[in-house]
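What follows is a set of structures for review.
Paired with chain B in one complex and with chain C in the other, chain A is shared by the two complexes that follow.
Let's look at the complex of A and B:
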């Protein structure tokens, strides 16, 4: 089996479809060789509302990406988000079977199987089982194999989604004749590149605020503790402005981009800005404070919901590395201040991963697509290592029943 | 119209006169009626329906109807819409008597509480059954009042839409935007009442006030022939030299016209009332007519009323009330020119192109069952699942739900 391969990372976002084409050489190195993005239509809050429109713009983006790279994509990695994604924690326990008390691979396997026992209600499908580490007799250990103990326990953060909506997503990509090799929830994809290994070990919360959804992932001890989706994003800010300032969505979007900020700025009190700014008919002055109030209320509420969902998992002692923001809406000025104020931990914007050299890709909008590549590549490498005999491309079975 | 003016001049011709009754249901409805009474509406009968003896006793209205005495013992419903409904149904005979022979009923209520949500639909049904034109002005509770009241209010609203000729829902969240940050609770509610009373006055004025262009009752009835849909309602005021421009700009900014419900909608039937001083010119009326028709409907289906108010000098008040045809039942009545007019009308203020709007209207006509079940449309996030979190719809702007006041001037 050849180990050279062209993969496409596809993120069908609410505002943009992003496709990255990468070349995997010898199953070891990954080079980005093509890129394209298209305005998404038919998407709201991370979910497909018009399969036809979404297919059209996705296929267009895929074709353009292939053209820009001069290569044909063999298989695709696909990101998924939306309010239908849910997660829960479950752990599995196994008694160490050997007389000497030394933990073996088979003990671990039993513990893992126990952790994945729970059946989902009809219509739901597992997307990820993220291992949260091991406990040996109640002690946290990185790798218990070979250690001595009585009981080994492993915890998982299980992520599941709506079967039909997930199938729709895959269907869009299949429509152009591409197989989906691996599916990654957006929260994990963007978090995997936005935070460094050291930060993941210490504890860090990555929040990716897109146009339609906000995806977050909490890391500690180098593994994912939990993830979540809040179906609020930049579109909501725009819609709020359109209603509050009484203008259409196009102007509201432009006002958001030009004047929006995440905090209430008292110096804006008597300041006004022009709606369009070119003195055409319908142009009118808008108090900056009005813009600030509307945007701040929405952003503050968004972080408040994240905070409530994480509950006691969020706190300075659990996330010493703070909060990292990424995604298109992270471009909003002062959004870190707003995050810090609500979440109570220091917040900063994500750096681009060092392995990406193209400055065009070093923007917060691309973190999910880049993460998708790196996650997909990591899965690929892991499966190479695991067993050469096993078919590494478990394809959809890998997603549905890993 | 002459007949009505005649009958106004000669009170002896009472039985021939158009009978109009304003009925307030529940505490909030009763207060709104009180306020209108103070505003002096002339020969219009006022009435209140309530379950609470105490608040009834303090109301200066002549005609009072206490319902459900055996159920609530005159001690209100405790916020339970089901009790309010039972109370009204128990005294259905009294309610029927109250609306008997009335031609036009204005129903005022605050939805969310027990009496307003429970009784109002019963009163509306009775009035409609007796043949009256029923126009309801209702306020929707603040988001802060909680999930249960919101649910009760929404249920009552969708029920009212089925049995009234027009239902104008005024969200309190939105009305709060209109007042000062330091305003008291009483002032906040007074604002809601003020909006209601202006709407009532506008229609009343077209029928009874002396004016340049009056509207007779049959025309009014025809304008409200579409049931079940959203009623568009907007107000605009302007003073001084540029009063027409100012009034139109004010109307443009009317928060009620920027609710997601109306954002993309053009009304299938529109009532435009212009109230001005004695110096109101025909050219001004035409200018307003053109601007309003372009934005909200078309000339063919707009009913125009222009009224002179001696007290107003260099000031103009515009009121727009429109209904949409969601059932498709009125298809035959609709002038065939409506659709093309909508498609070609340049509309700088809509976010979607005109063709898109027409498509939306088409969809609405074909999806009426969906509309009936769901009640509210949600603008930009229309096609998505509701975004409920702790009983609040997250797609509704945060500043509205939290009552944060945004000042535009």
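Let's look at the complex of A and C:
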């Protein structure tokens, strides 16, 4: 009974704040009971530029979500993104201590500690440590405990961010009287629901294209190989259209949503579309090919940056499961074709997770918030399990220790 | 020096969870303030509810304790009030029930007392009430006997009474005159059941008959000594109640329409048609409209005399 709680998954995006309210029953099951979203303001490329404006829209969304669920959130899970996030790989090695050469939990613990020893520059904080598996005497194993060997090695993909920018995100949530219990990097959150376990084992790249940033996570052997953030998103496409076709941002967004395509379509060569389309004064025809060219150029650039950042880690042999696209901008028609063309691997749109039944939530925009709930719940369950095992261990040691 | 190094290392390996979360400056909005107020009110409401519940519990506990204390000095039986519509007395009650003043109120079993009273025979129904703090009230309705019987028991001859519901019981406290006025019952066998006897079935018409005779023709009734139920079969055809009279010998009645039969008898006795009542050995009133007098074999040549009813008393 003590493991029942109401949690809120909060994603403060560049264009939208999404809040999901879920009920965790007995620490075992998770039910989504409320949802709300609000237009974000005070954000640029995933970073807070006006704490007051971001607080306003976030608090409104939280209050609305609580109203829709009929419950008050006890604790918050928060997604974080932004160009300030960086990652690096570090490994730790431990010599097997037992005479028989059998790997114990203590050997694993030492290897883990060694892998987390690297100091960060001042003003940086760790956000995530993702274990990338184990090597026992150089061979990859899933769980080395109980196996025989001399040297156990583990690797971690560490993600760190600017302390002040991270604190700003946390303080926005604190402002409404909630504590952040779990913070998940957006790339990991969306990848956790967009890709299946089998795809993660084979190798898959999940790209979450938001309004201000694009987050990606590369998986192989079931663990994260790399993550990254590109400060380009759907808003850049809108901005390019506004400048290139000399229109204001509102019309540019409308044109992008109505006529935007991820690829150059030769059949659009002689086609024109109306800017507004309702015979308003000032309405004018725009060549469709011009729209295609602008959108395609930016999308191509985005995938090129991702390709360059991943370098040799990206290739058909490393990501046999291909590329999975999610996020609001993934709704752009033919974006998968553009991704496939640039990245050189098959691309597809993410399926909605099977455990979500509400059709309103089965859209790419919600993948980060859903992943946030999923990751937060998994962390919570792990902590419950650890606490329970510690309890039993201390009880047993209490009995036999006397 | 080593401690400084440790602190530096800790600073360089800070986790996001190390960020202080209590700082809300600059991030508070109207929505947040409203939410906080609602939360505060809700908590205050819950607190008030909890406090009210606590106070209610404490009050109930104190009140219960006080009641217990109030009961304590008088938790013993101080008075037994006995009310009856018959002849039983307080003395009989104290003998029959072994209830003493001063016994603990808690030890008095009301249901058991009621059962014992109703099983005693003479009591038709009983009501037993504990009136706190120290009184026991017993109210009873007694059975009315209409016949008596003399039974031979190992202890000697015992007088038994029959009530209108057929119950047979040993009467207590009845005045001698009352008992003497009751005719004896004959023609029925008494069967033991438990400590008492099995009731006589279907005697209500007989009781009604005797009650009518006693009330309306007392002069006739007072001579009746024995009521025989040998030929009595309830209200069915051929059922006869035989009554032994000191002056008229054996009177035969049917259990139905008894008033008419008694009126006929009275009419015959007072109408002057009867030669000498002292010579009559029996009267048969079972034939409608007739009163057949039997004068015995030797004394009257005509043997029987039929008399038309004269009516009235």
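One rule holds for everything that comes next: the second predicted complex is superposed on the first by the 386 of 402 C-alpha atoms of A that agree within 3 Å, B and C clash if a C-alpha of one lies under 4 Å from a C-alpha of the other, contacts with A are read in each partner's own complex, and residues count from 1 in each chain.
Assume contacts are C-beta pairs under 8 Å (C-beta built on N, C-alpha and C of every residue); 3 or more make two chains touch, one makes a residue touch a chain.
This structure is a prediction, so every number in the text was calculated from the model and none was measured.
Trainee: With the two structures overlaid on chain A, would chain B and chain C clash, or do they fit side by side?
Mentor: fit
Trainee: Determine, under the contact definition given at the top, whether A:162 touches first (chain B), second (chain C), both, or neither.
Mentor: neither
Trainee: In the superposed arrangement, does A:179 touch chain B (first), chain C (second), both or neither?
Mentor: The second partner, chain C, only.
Trainee: Pick one for A:74: touches chain B only (first), chain C only (second), both, or neither.
Mentor: neither
Trainee: In the overlaid three-chain picture, which partner chain does A:293 touch, first (chain B) or second (chain C), both, or neither?
Mentor: first
Trainee: First (chain B), second (chain C), both or neither: which does A:137 touch?
Mentor: neither
Trainee: Now for A:243: first (chain B), second (chain C), both, or neither, which partner does it touch?
Mentor: First partner only, chain B.
Trainee: Should A:45 be classified as contacting the first partner (chain B), the second (chain C), both, or neither?
Mentor: Once the two structures are laid over each other on A, A:45 reaches chain B alone.
Trainee: For A:83, decide between first (touching chain B), second (touching chain C), both and neither.
Mentor: The first partner, chain B, only.
Trainee: Looking at chain B versus chain C in the superposed three-chain picture, what is their shortest Cα distance in Å?
Mentor: 19
Trainee: Which parts of chain A are touched by chain B and by chain C alike?
Mentor: No residue sits in both footprints.
Trainee: Quick check on the complex: what are the chain C residues that touch chain A?
Mentor: Those residues of chain C that touch chain A are 9, 11-24, 26-29, 31-32, 34-36, 39.
Trainee: Can you name the residues of chain A that touch chain B in the complex?
Mentor: Contact set of chain A toward chain B: 44-45, 47, 49-50, 83, 231-232, 235-236, 239-240, 242-250, 281-282, 286-287, 289-290, 293-294, 297-298, 300-301, 305.
Trainee: If we count contacts the way the header does, which residues on chain A are in touch with chain C in the complex?
Mentor: Residues 51-52, 55-56, 59-60, 62-63, 66, 72, 116-120, 122, 124-127, 161, 163, 166-167, 170-172, 174-177, 179-180, 183.
Trainee: Going by the contact rule set out above, which residues of chain B touch chain A in the complex?
Mentor: Contact set of chain B toward chain A: 252-253, 255, 257-260, 263, 348-351, 379-381, 383-385, 387, 389, 394-395, 397-400, 402, 404-409.
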